[in-house]
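Same chain, two partners: chain A is paired with chain B first, then with chain C.
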Partner chain A sequence: MQPIYTQTVGSGGAASITFNSIPQDFTDLQLVASSRIGSASGNYGVRFNADATNSYSWTYITANGAGASSGRLGSASLTELVVGQINGTDTTANTFSSSNIYIPNYTGSNYKQVISDAVRENNATAGVQIMDASLWLKTTAISSLTIRPYAGNGTFVQHSTFTLYGITKG
Partner chain B sequence: MVWIAGANGTGSSASITLSSIPQTFTHLQLRGIVRSAGVSSQIYTRLNNDGASNYATHYMYGDGTGVSAGVGGAPTTVNFFGSMPASTDTANAYGSFIIDLLDYTNVNKYKTTRNTYGFDLNGSGQVWFSSSVWMNTAAVTSMTFLANTSFTTATRVDLYGITSSQVTGA
Partner chain C sequence: MSKVIEIDCSTGVSVERDMTPAELEAQAAMQAEAERNRAAEDAAKAELEAAKASATAKLSALGLTAEEIAALSK
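After this line comes the complex of A and B, so read on.
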């Protein structure tokens, strides 16, 4: 597990984070994110290779401190991958979400299956855990990745961190 | 990912502490196996030996018959992440966990842990996906595993450090 890039959000905040020129010589990618936004809590939206077409689908299981549920959305509804969780202003101050986004076989010729596990803590009844399976319906190798609050709903606050790791077999 | 330290249970203590954690990594990951030397017991962690009501914790849980969610406490005095098999349960079966703690030296953030834990006993089992926030911005220098009963001598906890690259213009 080798760090490729880290980006830390500065005092001005950031609407999105992009990793360009992703090396093509690893087997898998793993994105580790600790973030918070200056608006209501939500999910991440991720686009590969700047693809904003209806080419993503999503299945999840989640809990919120009171109950658990599962659901899904298909490509007709999604122009970006939905993954993870982000703390927002409706949660305890100074609390940043913890997300692990795993992208196996990112240079392969199959559709890109992504799995993630993430949490959004809060000193109240509502705290969220979520596990996602998300699909990018393209066979192209992933060479860039942009992550933002889903649908652009918010801005990452200072001290949010994103690290992209490469994983090599053998 | 670099191994930092590890420890076994003693068979007579309900506590395992990993202290003097180096401050040179970006993230921490704890992996381990746990089993009670007596009756089944809930298991917890504490950071920097803080036993005050500075934690909030939530979970998603399944036992093979249903799924539920809940609040382990908000606030509470520990990070609760599951319960371990008892000495009378299926022999040689241990609970297994991975706990991720991101940005553990970042003094601008409360510390969120993302916990994956479970065991199967060939007839029953439990799966937990949980989270906790320690509502303190201090860098984490020690981590203590706690239970209500003693850990077996084969209970094992290992701590790993994960680095990240420097900020780039990627």
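After this line comes the complex of A and C, so read on.
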């Protein structure tokens, strides 16, 4: 497991982070994100290779300590992946979410799976956990990844951190 | 002005820039679409809840107890 790049958001905030020219010599990718936005909590939206077409699907299970639910937005119904959790203004001040986004076989010629587990941290009565299984229905290798608040709803605040790792099997 | 950060992983260079007008327009369109989808989901949920309440009232009028009505959905 080798860090490719770590981006920490500066004082001006950021609407999105894009990793371009991703090396093609690893087996898998993992993006580890710790973030907060200046609006209501939500999910990440992720696009590969700047693909904004209806080419993404999403299945999830989530729980907040009071109840659990699951759902699915089926084949090619989304224009970006929905993954993870982002803390917002409805959570305790200065708390940041923790998300792991795993992308196996990112250079392969099959559709690309994405597995994510995440927690919306909250130093209060309710936190949120979510697990996602998503799919990018394209067969091209992933060379670029953009992450932002889903549908562009919000801006990452200062100290939000995103690290992209490359993982080689064996 | 919203900023975006672009990283070239091959060089390790990170660039922060303002969003272009086209990017801002695309973002606004997606936010509007997400809001429409959210409103449609809320409306569908409200319609379902109203149908459940109506069905419960009709069953109650037929003489079913609250326990019997609840048992139907288990």
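Just so it is clear, the second predicted complex is superposed on the first by the 167 of 170 C-alpha atoms of A that agree within 3 Å, B and C clash if a C-alpha of one lies under 4 Å from a C-alpha of the other, contacts with A are read in each partner's own complex, and residues count from 1 in each chain.
Quick note on the criterion: a residue touches a chain if its C-beta (ideal position, glycine included) is under 8 Å from a C-beta of that chain, and two chains touch if they have at least 3 such contacts.
These numbers were taken from a predicted model, which means no experiment stands behind them.
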Which superposed partner A:4 touches (first chain B, second chain C, both, neither): both
Which superposed partner A:101 touches (first chain B, second chain C, both, neither): neither
Which of chain B and chain C A:155 touches, first, second, both or neither: second
Which of chain B and chain C A:78 touches, first, second, both or neither: neither
First (chain B), second (chain C), both or neither touched by A:19: both
Chain B versus chain C as contact partner of A:32, first or second or both or neither: first
Most chain A residues touched (candidates chain B, chain C): B
Partner chain(s) touched by A:46 [first = chain B, second = chain C, both, neither]: neither
On chain A, the residue positions that both chain B and chain C contact, one per complex: 4-5, 7, 18-21
Chain A - residues contacting chain B, complex: 1, 3-8, 18-21, 32, 34, 61-68, 92, 94-98, 100, 117-125, 127-129, 131, 158-159, 161, 163
Touching residues (chain side chain B, partner chain A) in the complex: 1, 26-27, 56-60, 67-71, 74-75, 100, 102-103, 106, 108-110, 112-114, 116, 129-133, 135, 137, 162-168, 170
Of chain A, residues touching chain C in the complex: 4-5, 7, 9-10, 12-23, 52, 79, 150-153, 155, 164
Contact footprint of chain A on chain C as seen in their complex: 2-12, 14, 16, 19, 26-28, 30-31, 33-34
